[in-house]
Each structure stands twice: as C-alpha cells, then as structure tokens.
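Several structures are given next for inspection.
You will see two complexes here that share chain A, one where it goes with chain B and one where it goes with chain C.
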Partner chain A sequence: MNARSATIFAVALLVIAAAAMALAGANPLAGFAALLRGALGGEHQLSETLVQTTALLFPALAVAFAFRAGLFNIGAEGQLIVGGLCAGLIGAALAAPGWIAIPAILCAGTAGGAFWGFIAGALRARFGGNEVIATLMLNIVAALLANYLVSGPLHAPAATGAETAVLPAGSWLPVLLPGTRLTIALLLALALAVFLRYLFARTVFGYGLRAAGDAPAAAARAGIDLRRTALVAMTLSGAIAGLGGATLVAGVLHRFNVALSPGYGFIAIAVALVGALDPLRIVAAAFAFGILQSGSLTMQVLAHVPKDVVSFVEGLAIIGLSAQRLTGTRDA
Partner chain B sequence: MTDGASLALEARGIVKRFGSVCAVDGVDLDLVRGEIHALCGENGAGKSTLARIVAGTLAPTSGSVLRTGAVGLVHQHFELVDRLRVWENVVLGREPRRGLRLDETAARERVRMLAASYALDVDPDAIVENLPVGIAQRVEILRELSREPTALVLDEPTAVLAPGEIDALFATLRELAARGAAILVITHKLAEVIAHADRVTVMRAGRVVMRSATAATSLEAIARAMVGGEVPGLAPRSGVAPRPAFAARALSAGGGAHALRSATFEVRGGEIVGIAGVEGNGQSALTDAIAGMLPYEGEMSLGEQPLRGDPAARIAAGVRIIPQDRQREGLVLGWSIVDNVALGDQTRPPLARGWTIDRNAAAALATQIVERFDVRTPSIRTSVASLSGGNQQKVVVGRALAHAPRFVVAYQPTRGIDVGAAALVQSRLIEARNAGTAVLLVSFELDEVLALSDRVLVLYRGAIAGAFERAAFDRARIGALMAGAA
Partner chain C sequence: MLDFLELTLVKAAPLIFAALAGVLCERSGILNIALEGGLTAGAFAAVAVAYATGNPLLGLAAGMLAGALLCGLLGVAATRFGVNQIVAGTGLNLLAAGGTAFGIVVLFGTPGASPEVPALGARGEGILVAVALASSFALAFALDRTPWGLRLRACGENPHAVLAAGLDPRRIRVLATLAAGALAGLGGVFLSLGELDLYSDGMTAGRGFIALAAVIFGRWTPLGACAAALAFGALSALQFVLQRAGIPSELMQALPYLAALLALTGIAGRARPPAADGVPFLDA
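What follows is the complex of A and B.
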C-alpha cells in the first residue's frame, strides 16, 4: 500500500469510526478525546497501553514472518492460545526458582505455538493444503481444545473459571514499572522486532524466505526449497505467536484462562499490514492499535461510546487490508 | 512506386538506435490502402521496432512518419484485460458516457455493430480469459478497428494461431483491406506471405534488403533475402576440452506430448551445443531435468562426477540455467538489481559470509554485471521490474555467467528482447564458451542456433533426431528433421 492510499484508508476509518460513534448517540470528538485520555492520560494508562502493545506485537510479528515467506497465517490467534496453554500447564505445575521457571514457561509456550504452526506448515508442504484454511480451522481447534482441557481434565480445583491454577509468584515475569502490569515482555518483543528486521534484511535465511514469498518460481530455481521454507516459516511464525501467549500467561494473567486473548491474533493481521511487514514499523503500528485497545474502555465510561466501536473499526481495518493483500494489487 | 493518393502511411529514412546498436537503419516504407503488406525478416531484423515506430508507440531516432489517419497496432502478446468482458475491452479508454456513468447499453451496441459489420464473430459479453487465443485476437483487432484506423499493423499475428484460425484471420484482413484500410503484417512464416500478401518487404539487420509485389517473387527468393545466404560467422573453437563437461545418458523426463525421450548427448568444455527444434518438442523437460526441477530417468554427469540432487546441489556443482521466462523464473521483480544478483548464489561465498548476505559483495557483483553487460539502469538499487526486458535479461545472463560456471544452459536467451540486448547476450555466451564453459543453447530460433553453435542437435518429439558439426550444417536437412522427416 503506497502512502497515498494508506492515508485515504486511515482517514476513511476515522470517518467511519466517528459516524459509528454518532450513530451510537455519542459525540465523536468527545469519544476520540476519551479514547486518547484512556490510553495516554497518565502513567497507569500509558502502561496499560504498552501491555496491549506487547500483546499485539508478538502475534503481529508472527503474521509478518509468515507473510514475508508468502504465507497468510491467520492462525496466530490459535497459536497464541496453544502457546499460552502450554505455558500455563508447565507454569502451574513447576515449582522452581524464577531463573529456571520463566525460561521454561516461555520455551513451553514457544514450542506449543511452533507445533500449532507446524501442523499448518506440514499440511502445506506435504499436500499443498491452503494455509489460510488450515490456520483458520486450527484456531477453532485450539480454542475448543483449550476450553476442554482447562474445564475438564486440567481444571484447577480451586479455580472458578475455565483456567489453570495460578502460577507461583516466582514464575511471574518481572515488572518494569512497579504497580503496573507492564513486564519485561515488552523488551522481549522489541528485541524480537529488531532481530527479525536483521534476519529479513541481512541473513541468508531471511533472503531465501523473502525470495520464496516474492517470487516462488525464481526462488525454486535458485535452489530454495519451497516446501521446506513453508514448513519452517509456519513453524517459526507459530513459535513467535506462542511466545506471545506465554508472556500473557506469565506476565499478565499469571494463569492460563480461556479468555486469554480478546482476538489479539486477528487484530495482529491488521497491525502487520499497517506496519508494511517491516518489524520496526510494526512496533509503531502495534502501539497505535494498543491505544485503541486500552482506551476503548475509558471511552465507554466517559463518552458513553460502546467500546465495540473499536472492535468494529479494527474489523474493518482487517478486512480492508487483508482484501488488498489477497487480491494482490500492484503496490501490495 | 504507387499512386500517392492511395497512400495511408509514408515512412522516410527511419533510424532507431538502442545505445550503440542500430535496430532500424534508414528504412523507407509505404503502406497503400487496400493492400496487405507483409514485413518479413529473421528474429532481430528490426521488424517489431519498425512496426512500433510506424504505429507511433515508439519514437524514431531520426526519420519521419506521415500518417493520413489513425494507425492501429495489434500486439503479439495481447494487451487485453483478461477479467473484463469483450465489450468492456473494446471500449476501454473511450467509453460512451451518460453523465458520470458508463453507458453500458450504448457501449455493448457499439461493439455488437462493429463486430457485425466486419463479420467478426465474437460474443460481446464473453469474459476475455475464457476465450481461445484466436477469438481473443479478434477482440484485440476489434478494439483497434473501433478507432477507425486507416492502417492496421499486426505483429506476428499468426504465431499463436491454429491453421484454421490463420485462414480466418487473413479473410478478415482481406475484408478490411477491401474497405480501404492498409494492412501491415509482420511474420516470418513465408507460406503465409505468398498465400495472402499483396506486397512484401524483407528486412535484415535493420535494413530493407528486398521489396517486391508478392506475385513477382517466390518463397525461395524471400527466404534467401532474409537469411542473406551464409550462416553468420563464429570464430573457431579455441580448443575444446577432450572430456565432456556435461553428459546425459538415456535421459527421459516429463510426460505427454512435451516429454523428453531417452536423450544421450554431451557438451564439452569450450563449445556451444545448440538444440534445434520447434517449441514443445521436449526442450522444457530437458532444461528442467538438468536444473533439477523435474524428476527424470537416466544419468547426468558433470566432469567425472554424477550430477544429482535438487537445484541447490546442481548450482553448487557449477551448473547455471538461464530460464526461459526471466520475469517469473529468473528474477524477483520487486527487488533491486543488487538483491537479484545474489539469487542462486545466496548460500556461498562471495555472496554469503557465514550466515549473512555480504551486501558489499552483492553490490560489487551488481556493478560488475551492469558495466559488463551495459545494463541501462539509473542505479544498481533500481527495482528490476522497472527495467526493459532486454536489460532484465542482461541481469539474468550476467548472473549466470558471473562465477565461471562449468556448464550453462541458455533457454531462449534472446526471447523477446531488442536486437542490441540480444547481440550482447549472444556475444557474452560466446565469450563464456571461449573461456572454457560448456554451453547448451536451447532456442526455437533456428538462426540463433546456427549462428552460435559448434554442434547442433535436433530435438523432435523429445528425441534427438540428428546431430550436425558446424562444418556440416545443412539448413534444409536440419529444418526437415525439426519438422519430423525421417
């Protein structure tokens, strides 16, 4: 998407958001003001926005990773859930010092997400199965599997909801700002973004990944194994999303709950595309969407705008950007 | 030559240079209303360049074109919007409007009337991508006719058509001529010229070498004028390595009509072996099998070593393929020249340093290729998508020859590129051969094969039907074997 069409798209979304607020019987200007105040109006608000930014950044990087290899991973949500589930199960069961427990939890989440991505990648590599369908369906499988496990066989006896037991406090991710929920997960996500940018731009692996995504026929003739690339890309994409799920478990909820994600894996598609698949620009896009996520509740309370307006606009952004990507317009 | 009043177009002293190469070198051409005029010549003779100048889509370096009306150009590769309907394609750019809206009824009616008046049987509501090529070509012709041209230029219109469609096309052209249009048909199929054209002009190396009324000449005379008698010269081999660099034994690959069937041959270091054959006789299966892109039976070797494995293994062994479709198989179009020159060699020094791409090495290689191959580009950071076809091909060929390969397969290396780029690509292939590389040239242009090859193998229905040393090239015999003679 070039700068001009991106601007038109952004303005159109703002206008639609304003119209939706007006339709809901609220003053759009007051709505926007409340949204911004709720997201950026103080240390607490800003830290919550950064929590949301972090939660979006992992799956957005996951989506971008697959996109760079020419694969449309709309299963970051499912990979995030499976990653979170694995992290929650290990974390609840493991009584060890933090320096052992935290890496173990993050590894478990990464492995779980990787496995979920691997399934879609293997279907693609082995049978040529469409990864869009596979990842979409695996989202549902992941949600139902998690729901079953934490409601049934793995349900924590003391818990009221569908969730695992609370992690030992020593296994929680260290907090960056005392009194907030902002943890070192943010630093981890930023470091990952920088690393991925390096990976895409400089490494042989990233070069092959981009070639496979941008010109598969030429890449195959250049000795790049397309099947292997699809398998590896989907697996690593899932791993990144799964790591994100683990940071939510170890950093925010301190347990796995079926309501772990309010759709981070889907919003992440819009974040990745707004960020033009460039890891550093995705950081900025994740912050923008983080503002929407964290400000929406304040907006509802102060300006009486239903926070569903934000979900509505985010949904429009996902549809618009995905359609533009899929139809392969020239500047996509 | 003809009555001035009936001239539709008059071109005088047309010269077109691409860099240092003169594609069209001082050509005069008159198109007369009511006549079908054939423009003949080998690939690279300058026909298409002249056609584009005549039609006004390319500016000549010098010379003038006097037109009495619009000139329509029907391209060899149709320029239609596949997803749109026939009528939408025909009116595209000049849509009848009603207010701000497209007047669909009027547009459809206009196209229907136009088709009916020329007896061109086309369903205005058909989607173009569903049409056979012969019908799609009619749509392209209709679109040009809707501009009411006084002259219509068709670039290789019969290349894609079946015999029945060819007859229908010429019937249409005859009808257009009868109504007073001047028709220029570019072709190198001489039987068509004799059967359908009133007048013939033959070009060779950018100049007109023959003008005649068709009735006053013969197929043989036109052919002689086109080829210019002798096979172009190739310096004698600088010493062919005694052992084969590449050898294939009983190589079979692919399926169906285009399969390769048990081909056994070798290519020695320092020689160019040309594969002559009509398209679709196993050439793609042969190149893909060598590239490791297609499963095959039989054996291949490079030097003393068996040649096996996936494309990466073959590239590592020193095999380089110049693919037929440079835009799809050779380049990543959205990438810069720098990024593209590493493609295929991204895992080895000098382009790889450890697990990273050495960007300085890639930039140095890009600069070297741009200079050595005279790639016309503002910068090595320019996206290859913005380069002309010829310059894209120079990047592909330059990359293939960059690392002193042992064996190069050049599949249609000059397809669809201007004469200047083609000449440069050919001379670089000869230089690679002189430096000891084994070169397999697979081309559908017999003249290119004859001009460049030390030996020629004829491929017919996937099998090698004959072999000729350069000293014993027999154009007629090779042509007959290509056509299936025993």
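What follows is the complex of A and C.
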C-alpha cells in the first residue's frame, strides 16, 4: 500500500467512525477528543496506552512471524491464552525470589504458547492440514481448557472469578513508572521487535523463512525443507504469543484470569498488517491500536459513544488491509 | 428419548445452516471463516427488524439479507480486490461482533441484549428445523445433479477450466457467497427468533467455527456436513445429562473442535478439501 492509498484508507476509516458516532447520537469531534484524552491525556493515561501497546505487540509480532513464513496463524489468541495459563499456574505455585521466579514464569508462558503453535505446525507439516482451521479450532479449545482448569481443579479457593491465585509480589514484573501498570514487558517487546527485524533481514534462518513464504516452490528447489519450516515457524510464532500472555499475567493482572485477553490475538492481525509485517513498523502500529484500546472506555463515558465502535472499525481496517500483498516486503 | 431428539434437532439446526453455507463457499473455492459473523449479523438484523416492524417474518428476511451482505462482501472482496480470504474473514467476524454490540446500544439504549421481540414461536422453530434438513438434501442434489452445481464445483477445483469453458468463475463465487450468507443468516435467525426471542452479545458462541469443523468432518458434502452438525447437536443435547454424571461441560463443548483437529490428521480416511479452496482467482 503506497502513501496515497494509505491516506485515503485512513481518512475513509475516520469518516466511517465519525458517522457511527453520529449515529449513536454523539458529536464525532467530542468522541475523537475523548478517545485521545483517554489515551494520551496524562501520565496515567499514556502509561495505560503503553500497557495496551505491549499487550498487542507480542501477538502482532507472532502473527507477522508466521505470515512472513507464509503461514496464516489465526491462533495467536489461543497461544496467548495457553501461555498466560502456564505462566499463571507456575507463578501461583512458585515461591522463589524474583530473579528465579520471573524468568521461570516467562519461560513457562513461552513454552505453553510454543506447544499450542507446535500442534498446528505439526498438523500442517505431518499431514498437510490447513493451519487456518487448526489454529481457529485451537483458539476455542484453549479458551475452554483455561475455563475448565481455573474454574474447576485449579481454581484458587479465595478467588471470586475464574482465576488462579495471585502471584507472590516478588514474581511481579518490575514497573517502569511507579504507580502505573507499565512494566519491563514493554522493553522486552521492543527488544523482541528489533531482534526479529534483525533475524528477518540479516540471518540465513530468517531468509529461509521469508523464502518459504514468498516463493515456496523456489525455496523447496533450493533445498529448504518446507515442512520443517512450517513446524518451526508455527512453534516460534506461538512462543512469541505465549510470552505475551505471560507478561500479561506477571505484569498486568498478577494472576491468570479467563478474561485475560479481550481479543488481542485477533486485533493483532490488524496491527501486523498495518505494520506491513515489518517488526519496527508493527511497533508504531501497536501504539496506534493501543490508543484505540485504552481511549475507547473514556470515549464511552465522556462522549457516550459505545466502545464497540472500535472493534467495528478494527474489523473494517482488517478487511481493507487484507488486500495488500501479505508475504514479505522488499525493504526488510 | 423424544425430548433428547427434539433438543438435538434444535441444537443442530443453526449448525446445519452454517455448515451448508460453509460447504457452498468452499466447494466454490472461497474459504469462508466468517460463518460466525454471518450467524451474528443474521441473528441481530432479524431481531432489529422484528423489533421495528413487529413482524418476525420480516425479521427473518432481514436476517437472511444481512448474512448474505456480510458473506457477499467477502466474495466481492476476494474476487475483485484480491484480498486474502482468511484475513478478510477474520475482519468480518470482528466487524460483525463490534457492529452488533454497537447496534444494541444505539437501537435499544442498553448494552448486552435486546428486549424481547415478536418471535417465530415453537411452530416457526419446527418449520425451520425441517427447512434445515430439507436444505441439506436440496443442496446435495443441486451440487451433484445440476449444471449449476457442476459449475460451482468446477470453480472450487479448477477455476481456469471454468474460464476456458466461457464462464466467469468470479461471478459464480460471488453468487455462492451470497447464497451461503443467506443460509448462515438463517442460522442466526433460528438462534434469535426461533430458539429465543431476543438478541444478546455473543449468543452465536462459536457456532460458526463448529460449522467449519462440521464441513471438514462431513468431507465438504452437504449431507456429510448435515450429519456432522447433527452429531455435534446431539453432543450439546447430551451435555446437560453428562454434566450431571461428572463429565466437565468444557470437554463436551471442546469435542467438535477436537474432532475437527483429528479429522485434519486424516485418521478417519483422507479428508481432501476442494483443490482451489481458498485459492484466489483474479485474472479473468
């Protein structure tokens, strides 16, 4: 998508959003103003926007990782949930100093997400099963599994909702700004983005992944094992999403709750596409969507625009962006 | 026993409608993962129109139309604008979920659910169950025994051959998504105006994805998909009984999805999707 059509597309989305606000009986200008105020209007608001940015950045990088390898991972949501679930179970059970507990929790989340991605990757590699269908099914199985475990056998006795016990305070991710929920997870996500950019642009492994996505037939002829690539890419994609789930558990909620994700794994697809599958541009896209996520509630309260207008516009954005060429970009 | 059969049919009917929609799309070469969105749009539009006009039959028509528009959008976008069907389908699901949640607030003033509206009643519900079963046979006949069905299937296997025969595969695919959307919308109508008399957020509860599982399990045939939908309906009818026997309800709910994952391994014989399923065709 070039700059001109991107501008037209963005303006069209704004006009539609404004029309929807007007339809809801609100003044669109007041709606946008409230959205921005809720997202950027002060230190607290900005920190919450960055919390949302971080939450979207992990699954968006996961989605982009798989897409670059030519695989449609629609399952970041499920991988994030399983990662969060593993992180929550380990975190609640583990009484250890933070320098042991925090890496253990993050590793547990990464492993959980990787396993969930591995299932879809293995089905694809071993049986040629469509990874889209597999990841869609695994999303729902993940939600049901989490619901069963934390409302049944692993339910914390003191908890009111369907959730694990609260993690010991020593296992919480260190905050960047005192008094906010902004933790080192943001730095971790940014570092991951830079690393993935390097991986794709400068390493043989990353080149192999891109080749498998851009020109599978040529890649196979050049000796790249497509099955193995599919398995590895789905597993690593799941690992990234699972790590994101773990940071939500250890950094934001300090427990695993079934409502851990309001659909981050799906919005992440829009984020990855807006970022043209390039890790660094995805950072900027995640911030833009973070503004929408964190400002929408203020918009609902102050301007009386139902916050669901945000997912409506995000859906439109995904449909519009699905027209771009999805595998590979020339400049990375 | 009669209760169990009745409950099975009621639970299966929306799945049958959505699964037939899935078969229709995929046999024409469009992988439609927006069946969930089609159900949602149909269920909501039906209630909105029944609320405004007081006439559930107009609601039914509106539900079918809304489903057709949503899935038709996928067909047009996929054949004319070269969008990726999977990504666009995800977008449509998000669009339908967000749009209906927004619509509830705008139309009814409170979030979450609509008030009760004039519905189709027990008789209407029974008729729709019969329509679902009859549609399965009708679609099976149409796909296997009519020129229209042959062309549609050819589109899903080799659209270039269809083009060479002087037909426009893009047109066939768009019409297939429109018809499929109307079926999915009808599935939504069944949920909101048949089984109940209102719309509430998330009432489709993943049935569009169970339908995708039914398509695979039914090996992309209308009767197979209908049988799979009936089996999944029976599972959810059994849920209340088995839950009392100590089997977790989540496991019962997960069975259709696990079955679909198992079907992907080809354990029950090779399940082969149409050759051009999800493959874009643009250069007409």
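Note that in this section the second predicted complex is superposed on the first by the 321 of 332 C-alpha atoms of A that agree within 3 Å, B and C clash if a C-alpha of one lies under 4 Å from a C-alpha of the other, contacts with A are read in each partner's own complex, and residues count from 1 in each chain.
Assume contacts are C-beta pairs under 8 Å (C-beta built on N, C-alpha and C of every residue); 3 or more make two chains touch, one makes a residue touch a chain.
From a predicted model like this one, the values you see are computed outputs, not experimental measurements.
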Three-chain arrangement built on chain A, chain B and chain C clash or fit: clash
Touching partner for A:A62 - first (chain B), second (chain C), both, neither: neither
First, second, both or neither for A:I133, with chain B first and chain C second: second
First (chain B), second (chain C), both or neither touched by A:A34: neither
Contacts of A:A323 with chain B and chain C, given as first, second, both or neither: second
Superposed model, chain A: greater residue contact from chain B or chain C: C
First (chain B), second (chain C), both or neither touched by A:A217: first
Contact residues common to both interfaces of chain A (with chain B and with chain C): none
In the complex with chain A, residue positions of chain C that touch it: 31, 33, 73, 77, 81-84, 86-88, 90-99, 101-102, 105-106, 111, 206, 209, 212-213, 216, 248, 250-251, 253-254, 257-258, 260-261, 264-266, 273, 278
Complex contact set, residues of chain A against chain C: 20, 23-25, 72, 74, 119, 123, 126-127, 129-130, 132-134, 136-138, 140-141, 144-145, 147-148, 152, 263, 266-267, 269-270, 273, 306, 308-323, 326
Interface residues, chain B side, partner chain A - complex: 291, 293, 310-316, 321, 323, 325, 328-335, 339, 342-344, 346-347, 352, 355-357, 359
Touch list for chain A against partner chain B, complex: 202-205, 207-208, 210-211, 214-215, 217-225
